[in-house]
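Below, chain A partners chain B and then partners chain C, in two separate complexes.
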Partner chain A sequence: MTVFSVYVVNKAGGLVFQYDHQKTSIELEKTFSYPLDLKLEPQTDYVTVVFGQQDGIKVGHVILSVNGKPANGRKLQDGSDVMEFIENEKNYPLNIRFGRPKLSSNQKIMMASMFHSLYAISVQLSPESGSSGIQKLETDTFTLHCHQTVTGVKFIVISDPKQVGVDSLLARLYTIYSDYALKNPFYSLEMPIRTELFDSQVVAAIEQTEKVGS
Partner chain B sequence: MTVFLLHIYNHNGISLYEKEWCRRKKSNLPKEQENKLMFGMLHSIKSFVAKMSPKDSKEGFMCYSTSRYKLHFYEAPTGLKFVMMTDVNVGNIRETLKRIYSSVYVEYVVKNAICGLNEPIESNLFESKLDAFVQGLSFFEEIKE
Partner chain C sequence: MSKTTGRAFENKKLVGELFTLTYGALVSQLIKDYEKDDEVNKQLDKMGYNIGVRLVEDFMARSNLGKCQDLRETADVIAKVAFKMYLNITPVVTNWSLANDEFSLILENNPLAEFVELPERHSDLSYANVLCGAIRGALEMLQLEVETWFLKDALKGDTATELRVKFIKKLTDALPAGED
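Let's look at the complex of A and B:
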């Protein structure tokens, strides 16, 4: 099946490595006439759909481009505001492209530290003594597997719920980490891993897992 | 296999009901703070999952497991949240949580005129029905201490 992405988080909750294996991008384009039958709202990074799902456009999708011109966050390339452009009746008919928002690198760092604290809280809330933190988090679209080493480094793999053999992939990643990151004389501990050899080994391990399990 | 505890929260984080069947590790936090911590964690997990999901999700977060326990989560469309902690060997119990909502909560709290919504449940009938329901579950097994 599929492995979506891999995160390596250091013991302080900082993201030291991230790799997206599957580029899953959902994008939809539709031509609209005035008035728009969708409720849009400008949120922190993007203009987001908040109400009115239709033709595959879901709540939570964001505007990626208007009339073929890519939107840069809440602004169009020429600097005009996306919301203002859409609210203006003169600009219709409009061709808008929607899609799921992609995580920016800053957001990925934020997600990693968020998971780090969720992991710690799950230990505290345990009804049994001697519990670890979250090892497996299940949702309907993906499963997150987390392996924390004795030194506090977390290896996180996000995969399809049906993917098998993720536990051995986590063990493989730890071996790759100790062989290609820690033994690298130019690598300083707790810092982001930027080694080509490490990257290629991780990709190879993921591809092997995908071949085995379905 | 066993059931450790059940929590019910309303949409804005007020703990409506909590019951512990078997809990060996006592928390070092006061009850109220622990409830807030759990709600905060669930809220963060929900937003974490929504952002991390590679596809559009319907149900969102369902459960997580650690080495010693498993937390199951069900949120009704009204924002009512059911949280159950069980042994790690328990499988998917989403249907069970839905049944607690539809055949215990709705029957004995919503249909009870003197039970105020959005405030802690103090009905003895609800308590006994819930207890009977949970003790009747196939994976409920009391652990003798």
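Let's look at the complex of A and C:
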């Protein structure tokens, strides 16, 4: 009964707006003593858990903060390397917060353009001519709804599989786009939308959909 | 006009008059800036184009209509839905060319030019040229290239205002997937 995120993609496939509506993201904090029984591995953007699941900390979770200091990729905010800090016995006992990694904005832009291409491919795949593209993509944990307007703008909503009323949310998003983005003279077409009015209207629309949906 | 209570009707009329006044102020400022009627016409068309490009999304969002199948349907939608929605007038669609690629919109009374009288020295001015630009811009976003111009203008002494729309071609290069 939740809407996870909203994407707006322009005619050319570029991401114009993105919003993540997540009320609770699972984060686990735990105190550890030397030696650490989780196996960690540094990746390009994060330090991930690769072995040693325990207490809800799963493989794939990344380090979000150490001793309260937020981790910025592989380094802490004060510049020290996360792996070195953890391997040093003198720093124990220490407190590490784990959680699922969030998509970076570059990754989101890539996903949006990939979906744009998949949408075009799906039109070609159809045995009938004049078919629409992907309207719904279902998995066991989420459903992706997409509505393409006649002008080529795509509104994508990723929601819980049980969420109802997403069609009206998509229509409402189109109205909000035509009002708060297009009627703003300072907004150039096809560019990213960075206005607070638009953001707050989208949030209000999502919250209304969640309330109405059973 | 639909029957509304006295107060609401007054308010609607006042907003309508403000709109006419604003448009008049816009045209007079453009005349001061550009002096030549030709230039002013061009600017009005450009402004109309920018309006049309954005307004079409609002129109599609509110009217929930799908794609039109041919030019006749497009003309009907423009006259009966779009003009009604935004200017509260319903122009008549007539004078179809033989190849069915040109039509006219006859506007009985143009709300933009409600209190206007065109002087002699501005006889070449297309006062409501912003409407031409708007139709052109809106249809271009829907992959239809058209040419629009005023055939007759009530401000220049004709009985009614006639806006001519000519279909040039379908724009297929930037077609969204699924539309053909």
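Everything below uses one rule, namely that the second predicted complex is superposed on the first by the 196 of 214 C-alpha atoms of A that agree within 3 Å, B and C clash if a C-alpha of one lies under 4 Å from a C-alpha of the other, contacts with A are read in each partner's own complex, and residues count from 1 in each chain.
Just so it is clear, a contact is a pair of C-beta atoms (placed from the backbone, for glycine too) under 8 Å apart; a residue touches a chain by one contact, two chains touch by 3 or more.
What you see is a predicted model; the values in this text were computed from it and never measured.
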| item | value |
| --- | --- |
| Which superposed partner A:Gln135 touches (first chain B, second chain C, both, neither) | first |
| Which of chain B and chain C A:Ile26 touches, first, second, both or neither | first |
| First, second, both or neither for A:Pro35, with chain B first and chain C second | neither |
| Touched partner set for A:Val153, first chain B, second chain C, both or neither | second |
| Touched partner set for A:Gly79, first chain B, second chain C, both or neither | neither |
| Touched partner set for A:Pro93, first chain B, second chain C, both or neither | neither |
| Touching partner for A:Gly68 - first (chain B), second (chain C), both, neither | neither |
| Contacts of A:Leu182 with chain B and chain C, given as first, second, both or neither | second |
| Greater residue coverage of chain A in the superposed arrangement, chain B or chain C | B |
| Residues of chain A at both interfaces, chain B in one complex, chain C in the other | 122-123, 129-133 |
| In the complex with chain A, residue positions of chain C that touch it | 53-58, 60-62, 64, 66-67, 141-142, 174-180 |
| Chain C partner contacts - residues on chain A that touch it in the complex | 11, 119-120, 122-123, 129-133, 148-153, 171, 174-175, 177-179, 182-183, 189 |
| Interfacial residue positions of chain B with respect to chain A in the complex | 4-5, 20, 22-25, 27, 29, 34, 37-38, 40-41, 44-45, 48-69, 71, 85 |
| Residue numbers on chain A that touch chain B, as the complex places them | 4, 22, 24, 26, 58, 60-61, 100, 103, 107, 111, 114-115, 117-118, 121-142, 144, 158 |
